[in-house]
Structures are given as C-alpha cells and as structure tokens.
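There are two complexes below, and they share chain A, which is joined by chain B in the first and by chain C in the second.
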Partner chain A sequence: MKRLTLLALALVLSGGVAIADTIKIGVVGPFSGPAAQQGRNFQAGIDAWLALNGNKIGNDTIEIVYRDLPTADPAKSAALTRDLIVGEGVRYLAGYYYTPDAMAAAPILVEGNVPMVVFNAATSAIMNASPYVVRTSFTTWQTSTPMAAVARERGIKKAITVVTDYGPGVDAESAFVKGFKDAGGEIVASVRMPMNTNDFSPIMQRIKDSGAEAVFAFLPSGPATLGFMKAFAENGLKKAGITLLAPGDLTQESDLPALGDSALGTLTTFHYAVSHDSPENKAFVAAASKAIGDPASLTFPAVGAYDGMYVISKMIEATKGKQDAKAAVEAVKGLSWISPRGPVTIDPQNRHITQNIYLREVASENGKSINKEIRTFEKQGDPGWKAP
Partner chain B sequence: MQTVLSIAADAVAYGMVLFVISIGLSVTMGLMKVVNLAHGAFAMMGGYIAAFATHQLGVPFGVAIVAAVAGTVLAAIPVERVLYRPIYGAPELTQVLMTIGITFVIIGIANYAMGPSMKTIPLPTILEGPVDIGFRSIAAHKLFAVATGLVVAAAAWLVIERTAFGVKLRASVDNATMAAALGVRTKVVYAVSFAAAVGLAALGGVVGAQLLPIEPYYALRYMVTFLVVVSVGGAGSIPGALLACLLLGAVETTGRYLMPEFGEFFFYLAVIAIVCVFPHGLLGRRG
Partner chain C sequence: MTTDATVKARNAASLGRVRRSAAVDATAVVIILAAAALLYVLFPGSLALFTRMVAIMMLALSLDLVTGFAGIATLGHAALFGAGAYAAGILASKFGFTDPFAMLGVGAVAGALAGIVSSVVILRGRGLGQLVLSIAIVQLAHEAANKLSAWTGGSDGLSGIAPAPIFGLYRFDLWGRTAFILAVALLVVVFVLLRVIIRSPFGMLCRGIKQDPVRVRAMGAPVYGTLVKLYAIAGAVAGLGGALSAVATKVVGLDSLSFTLSAEALVMLVLGGVGKLFGALIGTFVFIWFEHLVAAINPFHWLTIVGVMLIVVVLFEPRGLTGAAEALWTRARGGRR
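For the complex of A and B:
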C-alpha cells in the first residue's frame, strides 16, 4: 500500500513533464471596492489575450485563478499569494494593482519557485524586491520625466508642482523637478496635497499666487481628479494662461467623460492611449471592449494585463510547462515585441518594460474626448530605478 | 488682502456645501436620536438619481433635483418602516451596526447597478462658469450651494422652532410615551422627520456633487466629515450646524492654503478643541 502511494506520488510529480498539463495563473487585483474598475480592466486584458490567442500553449492548457484584493493591504496580499501558491498550486503570479501589495508578495516568490508579472504597481523599487518580478506596466518616473522636457521646449521657465502626498505622488514630483531643473527651469514651489482633499480652491489660489507659468500635477485617478480639474477651470487658471501638465493617470480614458470640456487641451505624458493608432491596438481594443462590456470604461491597466499574458505565455513556452521560475524569468529578459502601445522590450537588467512614452493632448473627436498622441519619446527606460 | 478675501469666499462656499449635506444628519441624530451612518448613502442615492435623470432621461437640472429628493424619499420609506423602526430608542451600538450594514448594501447595489465610475450631474448654463463677485470670480454653482444652504437653514429652523409639527417632534423626542398619551401620533411624526432628513441628504448630494463627486464609495468616504460637523455644531441644532460648517470650512480652507502638507491636522485640532470646551457641541441641547 505504501509503495503504491509512493508510486502514485512519483507519477504525479513527474507528470508535468511529458503529459499535457493544466497550468494555473494566479491573478491578484482589486475586483471589488473603490478601484473595481481597474480590476475589471485587468480581466478585460486577460480575456482579450485569451480570445485572440486561445488558452493552449503547446500541449498545456492555462487556467486563470482570480483573487480579490479591494484596497492596498500588504498583509492580505501576502496571505492571498501564499494561498494561491500552496492551496491552488499556481505556477505564475500576476496582477497587483498597488505597490505595497506587490512588495508584500515579492519575498514569497523564490521559495515558491513562482515568477510574478506585475500588471500595474508603478514604483521603481518593486523590481529590487525579488529577482522573479517582471513588470509590464510603467513607473511614475518613466511617465513623468519626458514632461519636463516638453515644458522647457514650450518656453516655460517657472513651474510649480502639486502632487498628492503619497509614494507615486512624490515620485512624480521628484521626476519632474529633476528633469525641469536639469533643463534650466525654475521650480517656484512644490506643494503636497493630503490624500483626502475635497476642495481644491485653496490649492488653486496657491498656484495663482506662486507666479508660475505652468503647474505639474499628479493625483491618483478617482474622485479627487475630477475635483482638481474642475477647480482648475473654475478658478480661472486656464484663463490666466497657466498650463496644466500631468502624467496620464489624470486623464485616463474612463474618467474623460466625467471630466468633460474642462479637460480639453490638458497635456499629459503616458505609455498608453486607447486611441493609439496601430493595427495591434485596433485588434486589442476590439477584443478588450467586448470583454469589458462597456467600452467607455476601457483604460490603461488592460494593456498591462494583455502584455503580461504575452510575457507569461513566453515563459511557459521557454520552460516547456515545467515549473522553473529562474529559467522562466531568464527567458523573457530582453524579450521584444510589438504591444498595442507600440514597440516594447523587457530590460534585461531590471526586468521592467522599456517603451515609448507619448505626449498627448485631451481633444474632442466625434463628440468624444480622447487622449490624442501628438509626439513620441522612443525607448524610455525607468529613470527612477537604482541598482540594488 | 485679495488673497484673504479669496480664501474667505472659498471657505464659505465649502462650509455651505457641507452644511446642506450634514443638516439632515443633525435632525436624525439630534432630534430622533438615531446614529444614522447611512446618511451619506442617502445623499449618494440622490446624486445617482439626479445623474441618471439628467444623462439618461435628459431632464433639466431643476427637475432632476426634485426627482432626486422625491426618489430618495420614496426609496427610504420602506427602509424606515422595516429597518429603522426597530432601532428607534435602541442602544447606539445597535443603531451603528444596523445603519453601517444598510450603507454597505447600498454601496453594493450602486456598484452593481451604476458601475464603479464617477457620475457627474451636468449643470444648467446659468450655474456653469465663473461669476465675478468684485474682488474675484467664483464658480456659479458654489454661489448656488451657498443660497441653497441659507434657504434650507431658514426653512428647517422655522419648521422645528415655529410650527405645530415642530412642537410635536420635539415633544416626541423628549418623551415619546407622554407625547403619545397626549394624542401625538409619534410614529407618523418620526416617519415624516425621517423622510425630511433623507430628502435633505439627497438635496445635499446633488448640490454638493460638484465638490464631492458621486461614486459608490461616496457613502463612506465623506461620512466622518458629516459626523464631525454634527457633533461640533451640536446634534439637533440648526444654527449650531451652520456655525460649525462655516468655522470648520474656514479652518480647513486656510490650512490647505497655508500648509497643505499638514493635511487635516488643523481641521481635527479645531474639532478636538471645540469638543473639549463644548462637549455637547457649539449650540447643542444639554442632556
């Protein structure tokens, strides 16, 4: 009996090599709660990829296991990740909307022999938390830095930065201040706004009084963004000729209908616009719009998830269905492909995605607001990453 | 000087928006003695109805306000009968648990039915854009909020202090058994007051939507602020709530201008100081 059990165990353990297998991918993201829309975009990106490529890689079938993490909660993220690896037996981890969640899950990867593909969390330091982390989204440093050059080229000498007082906000501020000063500009003031600011009028007064020609702003997408953009228009800053510059989080496509005409003309830099003109993107948008149901709610996390699925499929191909996190990560270092956002490469050094950053202007097209790409900064790495 | 006046105008506008939303809570908490944590949920419901009416049905803003108030009150009547009546006079913890539960249910329904994205309520042209008030320009909808706040304050004060219904309400609150023995139909009084409080919440949700956008988590996001306003003003006191809103609005706005990195430090410092000196709120009834 004991021998039989051992034999059975041996068969199960060796089974993954030869016989067709089901490979589980665990996805952690906010599928309910305040950021549910971003979680739905993860799902839409995954579903779009499966719709276009099928769920077979070689002989193996892939299966997605979702875990809901509504708000940034490191302890719960670690628990869900552990449960996915031990309980569900997932071979790949993906998703992670917030930086603290990715940071909390990273230390488990080596022991679990599981690679993680980050679909969103945008802080540079995540890449140093584990050698098994690969990222297909962006960093706030990456998207904010080109804006400094744009500002200087447009003849702006004095700028003020206004950011929400939390990790990515501080990243955006540091990136813009560094780029703008290096290009010979002057930062007249740097204001950090508390997370739960409702009324932005006093901030607008600060901007007016500072004598700056442009304001660089960063807020997490959500209700505060709407309040900020409205306050900017209503307090007459646009009329006073103050230019609003921001990374694209401020004008993500799903918020544009709510922002309305007050957002027109806003300049942003970002890695992806739903309106990006390429055949790859047209195919992606068609599939993802179908997956998400309401096409108006399609926005950037979907493309992070879609490309993340591509990376995972390449990992599975390279390891021929075997569980070998190290080989899987090695296989995608330096991987280049054409994403819906444009040509991209996984940087072999830090495993973060190198991509084009686009300067966009909020414009009205066929009665609909879009982020219209007007200029391309090619092959941008992550300037915020520091070797450990 | 220009800046000081400008900040003062912003402070008044913000304070009045808070007032319009919080006044209904002051009525339920102070007069009906119900700790109603679902107040923000009713304000949100009003906002959703107005957003739906303007976007999907294309009705004008004024009609949308009426629809929001009426719709929210109609929806709240069965909720009052089934879920609120058992908790009148119940211990505060019971009330808190019941109303926070109602809040989560409403958030879930809103998320399912309307989706997680923000909803806006388009303004009529007359309320759009800035108005010149001499030393600066201010958004017209903020002036509208200030006017609404003043009208609501005057009306609520008149009804509670100067009408027969107000007398019955205050009598029912102070001693329900005695009031009932004297022929006051306390259940009706409570139901009407509750409906009025919910209607005020819905009105506030619509009028304040430009500053506090409508989305499913609205119901929880701003609840602490509303509770603070009521406890600082003194539950049940209309002038108290008005004073609290103006005072806290001024502290908040000035703090944000001068030292934004301190966050809500000054706001809560003011709250602590006021509650230490006036444990029943600025103009609260004792006992």
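For the complex of A and C:
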C-alpha cells in the first residue's frame, strides 16, 4: 500500500514537472464506404510520415484521432469537427476528402483556435472559408489548366469537354475551356453528365458527331471512370484518332490495373504520380506501401496526407507545443520543402500549395501500367482562386 | 334517466381518459427533459452530436406519422427534411434573415409545402408503387438542389449561414450549448403537439385509414384529404428538423435530401418501434449514438458492427426496442396476475 502511494506520488510529481505534452491531431476522412480506399491512403500517408520521422516533435508526442465520414455530409462533418475540438481536445484538424465537409468545418476553426490542414478537398473556395485553412493537395483548376496549353501545342484546334455535373466537374470544365480559348482553340461543345451516369455510349456518339479532335473529360475517380475509359476504347474513338485529355484523377494508380491496355496513351495532367523519380519519393513510396499493405492501392491522397503531416509538424515546432492557431498558420505561410511530388511552397497569400504540375502518359513498364511523367510545368499556383 | 346516467358515465370515462393521457404526456416530457439534462451534464463535449440527433428525431417522428400511423410506405421522406433545411439556409445566407426563429418558421412552412406536393404524388400509388414514387421524389429533389447551385451551393453545400443570437442574447457557441437547449425545447413542443394530434378525432381517422381505407370511405370520411393534411403536418415537423440542423451546423448539404437519409430514418424508426412516437425518439438516439461510439472506437470497420446490431434487433425483436420494453413490462405484470 505504501509502495503504491509512493508510486502514485511519483507519477503525479513527474506529471507536474515534465514539460512533455501529448498533442492530438484529429483526422476526418472516408475510412469506410465507397471511398474507403482514399481514406486508407490518408492513413498510409500519415503512417509513412510517422515511420520516417517518429511521433515526437521536440518534447511533445503526437497522437492521431481518426473520425470516419464516408460520404459528403456537411452536417455530420460539422458535428464530428466540434466533437474533436471540444470533446477530444485536438489541437490540429486534418484530412477532409470532400469539399462540402471541409466547408462545413472551416467556420468552426477561429472559435476553436485550431488550424486545419486539408489533405484532399479540391475546390478553390475552401481557402476563403477561414484564415486557418492550409491545403496540401491540389485544386481541379490547378491540375486542369496546363492541359489546355498541351492540347494547343499538339496542334488540336477543336475540342469537346465532357464532365460530371457537380462542383469539381464544373471547375475542370471552366479551367480547360478558359485555357483553351485563351490559346486560340475552339470548344465545339460542353457536355455535363448527371452524377449517376453508367452508360456512356450516347456520350461517345456525341463526341464522335461533334467533329472534335480531342475530348477533355473529368469524372470522379471510381467505377464510373472505369466505365468511361472502357466505353471510349470500345466505341472506336481511340481508333478514330480522337485524343483523350484529362486531369490525373481519371488515371489514379489504383485504377490503372482495372483500366488495362484501354488506357494506354491517355494524356493527363496532375501533381503527383507514384512513379515520380526522386529519392524523396522512393523513400515515401517504400514507407507508404508498407503502411497501406497492398502497394497497388497507393495513390495521390497519400502524398497530400504525408505533406500535411510535415506542415503540421512545422506548426507544432513554431508554436512550441502551445495552442495558437494564428501563429501556427503564420509560421507555415511561404514554407518551402521538397515533397515526394517535387518542390512545393505554401502560398503566403491563399495558403494553398504551389507545386509542379506534370504532363503524364499512361505507359506500360515491366508489365505494369504507370503514369509516366513526360513534361513539367513548374511552380503552378491555383488559377481558380479569387481574393475574397 | 337511464340515458342521463349513461351520458354521465361516458363523460366520466372520457374525462378519465383525458386525465390519463395528460399524465402520460407529462411523464414523457419529464423523461425527455431528464435525459437531456443528464446528457448535458455528463457529455458536455458531445452536445453538437445530440443536437444533430434531435434534428434527425424530428425526421423520424415525421416519418412515424405517415408510416406508423397512416400506413404510407415511403423511402423519400428526407425530401421534406431537406426542403426545411434549404429554406432556412437560403433565408439566412441569401436574404440575410438570420433570426433563428424566422429560419425555423420558414423551414417548417417549406417542409409542409413539400409534404403537400409529395403527398399528391405518393398517394397516387399503393404498396410497392408508393415506395417507388417516394424514391423518385427524393431523387428529383436531390437533383434539383444539385442543379440550382446558385441558390443551394450544389454539391459544395450551402454555407455562409450565420444565425443571430436567440432573442439577441444567447449566441450559438462552439460547445453547442445554445443549439442543444433550443433543440430540446423544440422537441418537447413538437412531441406534445403530435401526441395531441394523434389522440384527436383526426388522428383516429388516420389510424382507421391505415387499417381499412375502403371502410373509412364507406363511412363517409375523406381518405385522400385526410392523408394530404397529415402529410402537411408531417412535412412541417420534418422541415423544422431540417431547419434546426441548418441553424445548429450552419451548413446544408445535398445529403439532407438524399435517399440514404430517408432509408436511415426508416431504419431508426424500425429499430425504435413503428407506430409509437417514443419509438422514433429512442430508435434515433440509440442508432446515432451507437454509430458514433463504434465509429470512434474503430473508424475503419464500424459499419459492419452497426449492420450486425440491426440484424440482431430485427431478428429477435421485430417490434423494435419499445416493443421489447413493452413485452418485458407485460411479462412482469403477467407474472403478478
């Protein structure tokens, strides 16, 4: 009994003396449901960062608290975020796969004194929703804009756009149409497909009839994308010499095995390819593949999460473990580092990541389909962002 | 003289019935308030969750009205909830009317209107046809909200909703205290009103229609008109829930008009017990809290565990949790008899 009392006393004293602290980071993402694979990529990116850097920053230990948000559900996102801040006492928020979820959480940040690092949600407007939002992913405007220049350089005069009718799809369309028209091209038609379209034959017919030399397409990654790519090959558009252009969401690495040879030669522009050739990326891919279990399912959200963890670690360093969201965000404005995707900077003005956008071609290497980087557009900001 | 005695006896009996049901109502209100107070004290960090629960409870109550009491099969009830949520949200973010009570009022009215419109379509069908029509309605509403993105924010969700403090005094704080108290107060009012409506001749008529619509028509009572009225009331309740959600979370998303939410509400109702107002409350509470707990413990495989729970409840107690409680109660009393 006496020993127990002494032990308790020792514990209390050591707790009082030590300056070490546990800093909780709340991560909201789709860990179940149809987008569970993207959530696993969040987790793999975080685990990879922890494996390479350890869970200590200075004297503080970081702890990750996961919350599942399977679909875009802003009301639930707001409730989960509040619960993380007031219930769990997290000092940093991270993750957020869908735009509505990030938009719902953003208004809570200032009152909660918590910065938020967006790992994926890709609409430009999120950055204006709160001064405490920092983003390490991309925007659809950012990844789609260089494609217009590529199309013109390859001698394409007439193009048609085909996008899914929802926020990111409309963003992709606007970005490409603006870039393509500015470069002197002609958009012969813009088709918006309803969210649940599964039969793409009529769309393919419209593309054929439009007389366009190239089609710019955007669909949310997943089964619909597979259907679209298959329909493109089966309806003979590829044979007819029509070029398929798209942002890289359409050919994410985890979908490539299912797309097979039908995707070969597809041109995409994106911020990250798992095959990117750099020592930083090799280390990242090795650690993240180990974390995710099945290396074939490793894809772009993992790198957003990995870089997000780097940003959060810098925030913790700068605030020396104190809870000060304003100082934390100020500290990472203008922060530059070498990410697995290449050199990146947090834009001090809108807190979005400035990065290289790569033109890639789906190619076969050692019997495996990869997104082969063939050209680099350096230091691309977010053309879709408008100052509030 | 005999008639006089009968009338007196009947009066006494009905007076007794009124007193008894008033006592039941009072007990129910006390239980709700006590539960709310307990949650407030024990889980001060989770008030946002409880507020969301109350909003969904309104949807479940509304669904119970049409499904449990009038026997209308629907998988599109979220359309009414979403109508209320978007109406309140648009009022605040586009027109700048941020008074929370104005938002709630407009939400209830929009819900009632949506209820009338959807009832006109849904009541054309029977059984499976009715179900299909109800799904069509919620899908149409969903697509309309997606298309009208200038008003609804489309798939990005409607943001920029900043409700003013209640009475200009109590602002909506980070901890969600104000929102929670407002939600519980609304719930109590709605619950009591619904109890009164169900007991009224109108409520009896609805139950009669559920049992045998042909006979009710033969008696000379209007079936169609009664159901449309019931749908308007249900719509107001669901719309109020939607508006509460908009006020408390400050965002409205397309999910509030989704088939998924409609189906989930039905699951909660079945879990709690169809045809009992308390069943709607208990089912929603247990479902959302269980989901929340399991998802916090294991964010990666929680859906499986929730699925297993539902199968167990439906297999072993098809009348839901309130049904199970009633069975236990009668067994205890039967033992004494």
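Everything below uses one rule, namely that the second predicted complex is superposed on the first by the 370 of 388 C-alpha atoms of A that agree within 3 Å, B and C clash if a C-alpha of one lies under 4 Å from a C-alpha of the other, contacts with A are read in each partner's own complex, and residues count from 1 in each chain.
In this section, a residue touches a chain if its C-beta (ideal position, glycine included) is under 8 Å from a C-beta of that chain, and two chains touch if they have at least 3 such contacts.
This is a predicted model, so every value here is computed, not measured.
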Notebook entry, point to check: If you stack the two complexes on chain A, which partner ends up touching A:K230: first (chain B), second (chain C), both, or neither?
Noted result: first
Next item on the list: Based on the superposed arrangement, let me know which partner A:D165 touches: chain B (first), chain C (second), both, or neither?
Entry: both
Notebook entry, point to check: Between chain B (first) and chain C (second), which does A:P194 come into contact with in this model arrangement: first, second, both, or neither?
Noted result: both
Notebook entry, point to check: Touching A:P107, do we find chain B (first), chain C (second), both, or neither?
Noted result: second
Note to self: On the A-aligned overlay, A:A79 touches which partner chain: chain B = first, chain C = second, or both, or neither?
What the structure shows: second
Note to self: Is A:A258 touching anything from chain B or chain C once the two structures are fitted on A? First, second, both or neither.
What the structure shows: first
Next item on the list: Check the residue A:T71 against both partner chains and state whether it touches chain B (first), chain C (second), both, or neither.
Entry: second
Next item on the list: Considering only touches as defined above, state whether A:S32 meets chain B (first), chain C (second), both or neither.
Entry: both
Check: Considering each complex separately, which residues of chain A are in contact with chain B in the first and with chain C in the second?
Finding: 32-33, 36, 165, 194-195
Next item on the list: Note which residues of chain A are touching chain B in the complex, please.
Entry: 32-37, 40, 165, 191-199, 201-203, 205-206, 209, 222-223, 226-227, 230, 234-236, 254-255, 257-258, 260, 294, 297
Notebook entry, point to check: Within the complex, which stretch of chain C touches chain A?
Noted result: 43-46, 48-49, 51-52, 55, 143, 146-147, 149, 154-157, 159, 162, 173-176, 245, 249-256, 260, 295-296, 299-303
Next item on the list: Mind listing the chain A positions that touch chain C in their complex?
Entry: 31-33, 36, 66-68, 70-79, 82-83, 85-88, 99-100, 103-104, 106-108, 111-112, 123, 125, 129, 165-167, 194-195
Checklist line | Contact footprint of chain A on chain B as seen in their complex | finding: 3, 6-7, 10, 13-14, 111, 115-120, 129-130, 137-139, 210-213, 215-218, 221-222, 225, 252-254, 256-257, 260-264
